[in-house]
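In the two complexes that follow, chain A is the common piece, with chain B as its partner first and chain C second.
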Partner chain A sequence: MSLVSLNEGEKVYIIHGVEENFRCDGRSRQDYRPLELEMDIVSNANGSARLRLANSDILVCVKVEIDTPLPETPNDGKIEYFVDCSANATPTFEGRGGEQLAAELSRFLSLAHCPVFNLSKLCIVSGQSCWKLFVDVLILECGGNLFDAVSLAAKAALCNTSLPNIVGTYEDGKNIDLQISDDPFDTKPLDARDLPVLVSLCKIGNNYVADPTIEEEICGAGCIVISVTPKGKVSAVLKKGAGSFMPDTLNEIIMSGSQIGVLLNKALEETITKDMSSNVCKQRFGFLK
Partner chain B sequence: MPTNLYRFQGPEGTIPYQHYLIDKNNTKLTKIATALMKNERCDGRDISAHRNLCIKTGIVTQAKGSAYVEKGHTKLLCSVFDPKEVPNKVEYAKTGELQCEFKFATFSCRQRRNYTRDSEERQLCNEFRRAIEPAVCRGEFANFEIQVNVLVLENDGSVLSTAITAAGLALMDGCIPMYDMIVASSLGIFKNTILVDPTYDEETLCLSWTEDEENRGTVMLAYMVSLEQITEFSQNGSMDINMFPEYVQLLIDQNCKINKLVQSAAITDVIGHFESQTTD
Partner chain C sequence: MNISISLASKKTRHGILKPTSNPPVIFTPGEKIRDEAGFMRGHGTYVSAGSLKATVAGVEQNINRLVTVSPLRCRYNGEIGDVVIGRITELVHKRWKVDLNARLDAVLLLTSIQLPGGELRRRGMEDEQSMRNYLSEGDLISAEVHSIFADGSLSLHMRSLKYGKLGQGVLIKVQSSLIKRSKNHFHNLTVGISIILGNNGYIWIEPTSNDNKDLVGLEDEFEQVVDIGDRQTISRVRNVILALSYYKMLIYDTSIQFALEESKKYTVSDLLTAEACYDIANLTRHRLQIMDE
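So, the complex of A and B:
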């Protein structure tokens, strides 16, 4: 995935560090690196968020458009995820290099959100029109643990999204004309607080670490990604890497992953609430920080 | 979206006529749901029983190894090809690679599928590769790759787990060195009821959105029985964390049952092979 290559000595150093519960950057096995989140930074999008997890830099923008619902689900809106691995992140993403990772990320994100997100909230007129959300994820810099960073940023961006209010509808036979308020502040926020975040746990030696760096990902035998909702429910699980697990280890990893997930959700919730309450005189950083 | 102009593409924007049937899909699902509340399944199975398995190896003569597996109405074909050198590769790789393709035949599902690979097929392909990777002795094929193809002829639920079981058989039939046989099975959970080996309708029911807090979703687990290693685990839905040990144990028990069937099929194969040699 990246250009980092480690020799045997470095690998042994990392593995022994994990055994002693003291990782290269001084963290313990369950700790996360510092997170920075800024919301509402792209003015053309209906909702946006930029997340920095140590060296991983993710920008997520949500655009809404009007579409007709699928015939099998006339009361549901639509949501589509698209991940773009910019070649700026690492040169290996150049051309079609990042395609597989991007496809996997977007598919897993939609799998994780789908059992939790109530799509009927996006319905405008049953069977006729609905909102379609385009969640565009841009990976600007890649510093390991992309799954967690992308899911946190996507949740923040969706919490930040607001749908324009519909002032009136005109029926003309079977056609329906919608009239949408042209005031950019006349909007209804999208309720996305129940969405899950992803927690990756990488198995190194006999232990597992949360929030692995690129170097740790190389040393690890396998990685389990768990999607955890704020209530502690699990909505999707994925295995990464070529390793295999003992049944007991797997149970243990899922258990501790859900505990970390609940804490992570809580921290994100607090940050979002704080950001929304201080909306008036918010200090903006953008990309200059 | 890349389109292949040499192949016939169905017209865009068509709707399957099933949506206009009087007895709509929804009533079928509610029928299954009410039956499940009484612990009954629409096909008369026990909730903890898997469907009948039909195994046949060596079905594709051109491939090194192949297997055809039928599980109820889920029918699929898996073929394995000889190790070959990785094209356009500069670096030396110590472990061999597995090149997988997971394809639904266009007529395999209720709704017609496209020729081009969609995101579901890509995801299934990734999961499939990760499930069989730990079972193959990849150190034996340094710098080489093995092609493993799966073609789903009919999709009636539990496709991925059936495909992994078929791949285990095809790899064995192709004499690819493996650490252990690999088998997989899946569960559907609907309102806290655990269904072993769900059909397509049951899977749709388990994954449909509901407001309540009860457990629902699907779980799939691939397992190497004698090494006691889980090679792939995937879950979707909304489940309580404390239920996972139970699901994992149940899936492992299921896998042990399937492993017995797979082993007996393998033994019959070997005996058949020797018999045909002695008659020659």
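So, the complex of A and C:
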């Protein structure tokens, strides 16, 4: 995926470090690198967030549109995920290079969110019209552990999303015309607090580490990505890489992943609450800081 | 489990220039530096409509009447005699290609390494066929710039005992302009760690080995486990250097030593946080300033 390559000595050093529970940057096996979050940074989107995890930089933007629901689910809205790997992140993303990773990310994100996200909240008129959410993820820099970073940013952006209020409907025969409030601040927030986040655990030697760096991802035999809701429920699991896992190890990894996920959700929740409470005269920083 | 998510609005990124000093004037590409009359055009400048303009973003440097602009960020431009850290990317006819973060990969000729046993002789077909036994793709080496080709690519050599293949340790990458050129780029810190400050911005940190290395240092030793004490110090040095480079401070033995001393109050993993980085960079700058006066 990236241009990083390691020689045997560096690999041995990393593997021994994981065994000793002391990684190259001083973290223990379960620690995350410091994360930085900024919400509501794209002014013409309905919700947006930027997340920085060490060198990984993710920008997520949510747009809403009015659409007709599918005939089989007349009371449900729609949600669509799209991931774009910018060639700024690594030169390997140039051209169609990032497409496979992008497809994997967007597919797994929708798989993880789908059992938890209540789409009936997006219904406007049953069988006639509903909201459709477009979640666009842009990967601007790649410093390892993309799955966790993308899911955290996507959840933050969805929590930041608000749907415009509908002030009136006009029936015109079979068609229904919706009138949306002119005031851009006349909105109601979308409740996305119970969405899951993804936790990647990379198996290195006989141990597994949370929040792997690119170097650690190269050393690892395989990586398990677990999607965990704030209550600790596991909604999806994915294995990356060529390595294999024993059933016992897999169970152990999923258990410990769900514990980490609860804490990760809690940390995100607290940050989002803090952001909401300091909403008055907020300054946007973006990428300049 | 240590998870912290901070808000970007809470982040403070202060500059750490001396409060008294004038900040340097930074020219952007195309910006007028001065009138051409009486001055010579150097690197990073061009003449347009009777005035000298910058082609890169950087600061002006004058040598008598020669005007140059040295860029703030650039790829590594080699100079003969530089100590560099590089990674082997390719093996081709009688030479290795080495990534140095320069515009072009450098070459390391088979004739410019010392073969095991220390013998000096003509390199034959057998040596060429067993090149991969000495150095293979992905291996890290420390070497010296031997000459510069016409196209700007570098030729390296390792014909000294201090150069060779690197074993267990950590590589970090910083801007090449942040490495201060000095007489010695190999340092044994008092904390029991050796660092090699490559002029190309690659820095290698490893535990100081007491036993003498074999003559060429092309052998691998993977059974040996670096003990936890050394490991903690290596990680501390790594985080401290990254903090200095984040605040664009020159990296050399004294600045690293001072920063290490200032970092004692933090645990190694705390050094990843923005506050600790700022604190250390600021205190280090302060101490360097006092030393200068």
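One rule holds in what follows: the second predicted complex is superposed on the first by the 288 of 289 C-alpha atoms of A that agree within 3 Å, B and C clash if a C-alpha of one lies under 4 Å from a C-alpha of the other, contacts with A are read in each partner's own complex, and residues count from 1 in each chain.
Quick note on the criterion: contacts are C-beta pairs under 8 Å (C-beta built on N, C-alpha and C of every residue); 3 or more make two chains touch, one makes a residue touch a chain.
All figures in this text were calculated on a predicted structure; none of them were measured in a lab.
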item: Fit or clash - chain C, chain B, common chain A; value: fit
item: Chain B versus chain C as contact partner of A:Lys240, first or second or both or neither; value: first
item: Touched partner set for A:Asp136, first chain B, second chain C, both or neither; value: neither
item: Vertex chain A angle, Cα centres of chain C and chain B, expressed to the nearest 10 degrees; value: 110
item: Chain B versus chain C as contact partner of A:Asp40, first or second or both or neither; value: neither
item: Partner chain(s) touched by A:Asp148 [first = chain B, second = chain C, both, neither]; value: neither
item: Which of chain B and chain C A:Val116 touches, first, second, both or neither; value: first
item: Minimum C-alpha spacing, chains overlaid - chain B and chain C, in Å; value: 9
item: Touching residues (chain side chain A, partner chain B) in the complex; value: 71-72, 100, 103-104, 106-108, 111, 114-116, 118-119, 224, 229, 231-247, 250-251, 254-255, 258
item: Complex interface listing, chain A residues touching chain C; value: 5-10, 12-13, 16-17, 20, 22-28, 30-38, 50, 52, 54, 152, 210, 259-260, 263-264, 267-268, 270-271, 274-275, 278, 282-283, 285, 289
item: Chain A contact footprint on chain C (complex, rising order); value: 1-9, 11, 13, 87, 137-140, 166-171, 220, 222, 225-226, 228, 231-232, 234-236, 238-239, 267-269, 271-274
item: Residues on chain B engaged by chain A in the complex (per definition of touch); value: 15, 19, 25, 119-120, 122-123, 126-127, 130, 133-134, 207, 209, 211, 213, 216-217, 224, 227-241, 244-245, 248-249, 252
